[in-house]
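Take a look at these structures.
One chain, chain A, appears in both complexes that follow, with chain B as partner in the first and chain C in the second.
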Partner chain A sequence: MRLHISHNTTYRYDTPPATVTQILRLTPRNHDGQHVVRWRVELSEDCILHEHEDAYGNLTHTFTADGPLNELVITVSGEVDTQDTHGIVRNAVERFPPQFFLRETDLTKPDAAIRDLAAELRDAGDPATLPLLHRLLARLHRDIVFDVAPTSPTTTASEAFALKRGVCQDIAHIFLSASRLLGIPARYIGGHLARSDDALQQEAGHAWIEAHVPDLGWVSFDPANGISATDAYVRVAVGLDYLGASPVRGSRIGGAGEALKVAVAVAQSRQQIQD
Partner chain B sequence: MLSRTADNLYWLSRYVERAEYLARIIEATQRLTALPLAYVGETNEWEGAIATAGCAAAFAEHHKEATESAVIDFLAFSRDNPSSIRSCLEQARSNARAVRTALTMEMWDSINGMWLELRRYGDGATSREELARFLRWVQESSLRYDGSAYRTMLRNDAYWFSRVGVYVERADNTARILDVKYHVLLPDNERVGGPLDYFQWSAILRSVSALTSYHWVYRDNLKPWLIADLLIMREEMPRSLASCYEAIVRNLDAIGNAYGRVGPAQRKARSIRTGLQNSKIDAVFQRGLHEFIGGFIRDNNQLNNAINQQFLS
Partner chain C sequence: MATAFDEMNIGSGGVRLPYDQLFRWLNEQPQDALDYRRREAELIFRRIGITFAVYGEAEAQERLIPFDVIPRILAAAEWQKIERGLTQRVKALNMLISDIYGAREILRAGVIPDDMVFRNPAFRPEMNGQKVPHGLYVPIAGIDLVRVDADTFYVLEDNARTPSGVSYMLENREIMLRLFPELFARHRVTPVENYPDVLLETLTSIAPHTTAGEPTVVLLTPGVYNSAYYEHSFLADKLGIELVEGRDLFVRNEVVYMRTTTGPRRVDVIYRRIDDDFLDPLAFRPDSALGVPGLMSAYQAGNVTLANAVGTGIADDKAIYSYMPAVMQFYLGEEPLLKNVPTWRCREDDHLVYVLDHLDELVVKEVHGSGGYGMLVGPTASKIAIEQFRAKLKAAPDNFIAQPTLALSTCPTCIEGGIAPRHVDLRPYVLTGRRGTRIVPGGLTRVALKEGSLVVNSSQGGGTKDTWVLDN
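Now for the complex of A and B:
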């Protein structure tokens, strides 16, 4: 599938800041299931964009824009050719051994409720890794209601689990927390999804997870949709949690009243036959 | 476009590229054998040249010992060797004749001129000087062919197939140079970094015209892992594996766009390129350079087969 992606991030400031420094994780890399045909990062201000690779192997761009700025717009757009690999991620950038992704973070720290969930799922049937992950996937997809209202980017896995509500990011954090409790390395993935309902405009990117299964390697699970990633998914950044893979992070000197607006459009471009 | 035409164009480019590569190997080997024995030790560089050219078995059928004259004759002028410079250029010309209408005037002139000139050399070069002239001439002819294709061909499937041929062959050649240098020529008892290595490694770099580029990129003296990095991972180095695969993917994508379909050849090429982009030279050394190169040569052959199945037959 050839996906055309555009991702706009707009900051508006009531009081203009003197300088803004940001790090962008907005550029996907290739693996066996996706091939980046072209990709551009553009800024509304004149500044130098430095390309680096972070510890996880994500491509990052950093810049410092000199103000005063009323507005800052970051536009990324590009085309990616994808294939359905049944959720198995091969040939991706690997900078750490899988065991590294057993680490807990502040956002994925389990509480008693998540421990109970993990214990219950472990005893519920086949103890092998893959069936266990599928039980966890099905359970979270069923129990957690997708709702943008009650959570924020700083909501932890246990808070979202107690609410039984959240966005894809929260559900992913709960999955990571439970999976690591069960001794299965798991990592957070930020990216894009071409929705089957053809909703072109989206208010944010998508998030899902990858878990390490013996003999298969990294396998993706999207608990918000209850499936493994298909050719409608474009994988952009990897991390231990949202903070490690977040699309834009930064700081500013001066300024106040920052308002952030994100617009994402993912569409299938021109038909191309995949033999 | 007929599969047969695409096949001819693809192999025409491969033959010309291979002829140039053989000329480069012979030159590099001559340079090594010209060094005092105290530097290079007791190894037989000419055996290495045969191995790098990938025709050790065919050579053994015709010759008992890898002497300088036997190897030069076999690699450059022999009619018994299907991939000698002579055979490559003759094959290239017969492919070019079959697709004469798909070539531009300049390309045909360069190929035909090459073939006419080749006959002047008869059964071989009579002196070292003449051989040196011959080797330079082969490389210049390849440059002329390459340049005329680049400057005069219409950018359509004919051009893309001929480019893919060049880069598949070039990637194979660079990989073979790396492989042989590690496992035939580096003696076990020699400490890495000794004078022998210096000459061996600079010979590798010279054989792919990369000695100056090396110093520009690294600003350091010759180190094997940096040389491997330059020839495997660096996209800015025109004969590196990464750069060849960047070009293969680009040209196969152009074919895919023009035909509106993507198949196993594109997927294989993308997968190999992704592997090169996503790995680092330290990781390659940890797993073993020999295994990595062996895997790469196999992958490259599989790509050749995939291209064959998807387009050329």
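Now for the complex of A and C:
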């Protein structure tokens, strides 16, 4: 399927900052089942966008914009051809061996409750990796209520698990925490999802995870939706957690009263696929 | 534990050769003269304000590190052996770090287990596949040595992150020259005063290729609340470079600039005394206000040198340390000239069993710890302390290594009402630039002032001594 994506990030400032420096991870790369046809990253300010690859293989753009800035808009638009690979991710850019993704981070550090969950799921049936991951997927999809209110980008896996609420990022962190406890390498994925309810306008990007399964390699799991990624997903950035894959990280000199608004639209046009 | 080797006395009144003159001089001093000089030294230290903050002590936030006026003396031949060993060790450390963030050959060869690197908090994923200027990761290393007999120095710890304490090496010498000119007249002591020049030459030599003209070098400090702030300002002053905080620097188009009264000035080399975590809120801890936003992108673009490089802490890890003999064999095909202390890795089951059975004989340390915090010295610990430590060790064996309790050498030291042997270690500072490795003879001798104590860390009440390397 061909997905048309537009992703606008707008910062407004009550008191204009003198300078804004940011690093963007907004550009997808190709792998089996994902081909980027066209992609553009544009800024409302006139400044140089430096393109690099980070340590995980994500494409990054860094820039410094001079103020005074009342507003800063990052506009992303593109088209991606996708095919359903049953959640199996092959030929992605890989910079680390799977066991690297067993690392704990501040955001994914397990607490006693997550340890209990991991132990319970391990003992609840077939101990093989794939069935275990499916039990974890089903459990988190059932137990964690999608709710934008109580959490923030600094909420940890254990905090969100205690609340039993959160956004896709929080649910992904809980999954990562439990999966790594079970000895299954797992990583955070930031990207986009064409929603089945045809709601074109979304207020944020999407997040899910990939876990490493013997003989299959990296397999995606979206605990917010209880499924593996399909051809409705566009994989943009990978990291140990949200911080490593976050679409925008920035800092400013001066300024106050920053307001952030994100508008994402993912539309599909099946007729353009020739196969 | 065997009787400690004393660096001055060889028993039955005999004295080792390097201490011959000092021994005579000490005998000539009236009982109260040394005491008087000691108080004088303390007064000078207070006046120049050389202090050290001890974390977790609310009362005495800034404290004087006790200074012992009796120097520690090494013969030229002893030093030459040490120097060769340090040069070899630092070469291997640099190759190890470069490989870990590069080709990973040592992991593929199975010399170090993968998970010890990839799951190590000191491994910085951000450095993976990144080049650093001139391939030099550790321009400044502090290698902690201990001596056990006339011929054997062990490496106790590698400090490849941000070794501190060199200001004490310089201040101690300055004070000794003021207090005891007559003692220097009896010895030919190799100078250490050129350390700042050598350091500046080292830093200048590793400026990035994109530098035009004479490189600008700065020292980046976390600020006045850091325990080593005195040292930062001292060194910046001696080197004649700017002492800056994160807010004094900014990054534009992947180049680092310093704000000056005459406008922005490009910065080429940053001698940074800020931990990796705080360097750049865009790459590491987003809540850090100490760093420079965008610094890592300038670093990755090859437009600035950080000394030391990001991610060098992997070599300070005490579990990685235990592999150093194999590491040196792997990269250099050489036996280490300075030995490693035999080390049990508690992550390995058979090692753990041994350690748990011999806690009362061993020194047990946290693999990521430093500063003498969180360690157990079995022979001097109480039964309760040992049992508490046993529980900690069992709960997280991966976090610990254990070593035999070494009989660290002793040196004569001023104590209340006389002179007595006290245990010492030695931290030489190894500087490596584009034109090779240079080590100012000597280093920082730390002394455990409590009788019988083997913990020399200043945070644990240790003191320092001037270290003399004699010139033949």
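In the analysis below, the second predicted complex is superposed on the first by the 272 of 275 C-alpha atoms of A that agree within 3 Å, B and C clash if a C-alpha of one lies under 4 Å from a C-alpha of the other, contacts with A are read in each partner's own complex, and residues count from 1 in each chain.
Everything below uses one rule, namely that a contact is a pair of C-beta atoms (placed from the backbone, for glycine too) under 8 Å apart; a residue touches a chain by one contact, two chains touch by 3 or more.
Keep in mind it's a predicted model, so treat the numbers as computed, not measured.
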* Asked: Superposed on chain A, are chain B and chain C clashing or fitting side by side?
  -> fit
* Structure fact -> Chosen between chain B and chain C, the partner touching more chain A residues is C
* To do: Would you sort A:201 into first (chain B), second (chain C), both or neither based on which partner it touches?
  => neither
* Asked: For the combined three-chain view, what is the angle at the C-alpha centre of chain A formed with the C-alpha centres of chain B and chain C, to the nearest 10°?
  -> 90
* Check whether A:70 is in contact with chain B, with chain C, with both or with neither, and answer first, second, both or neither. => neither
* Asked: Counting only touches as set out at the top, which of chain B and chain C does A:15 meet: first, second, both, neither?
  -> neither
* Of the partners chain B and chain C, which touch A:92 in the superposed model: first, second, both, neither? -> first
* Touching A:81 in the superposition: chain B (first), chain C (second), both, neither? -> first
* To do: With the two complexes superposed on chain A, say which partner A:31 touches: chain B (first), chain C (second), both, or neither.
  => first
* Shortest C-alpha to C-alpha distance from chain B to chain C once the two structures are superposed, in angstrom? -> 8
* Tell me, which parts of chain C touch chain A in their complex? -> 114-115, 118-119, 125-130, 250-254, 281-283, 286, 293-294, 297, 300-301
* To do: In the complex, go through chain A and note every residue touching chain B.
  => 29-32, 35, 37, 57, 81, 83, 91-94, 271-275
* Of chain A, residues touching chain C in the complex -> 19, 21-23, 48, 50, 52, 54-56, 62, 64, 95-97, 99-100, 102-103, 240, 243-244, 249-251, 253
* Flag every residue of chain B that touches chain A in the complex, lowest number first. => 249, 253, 256, 260-264, 267, 270-271, 273-275, 277-278, 310
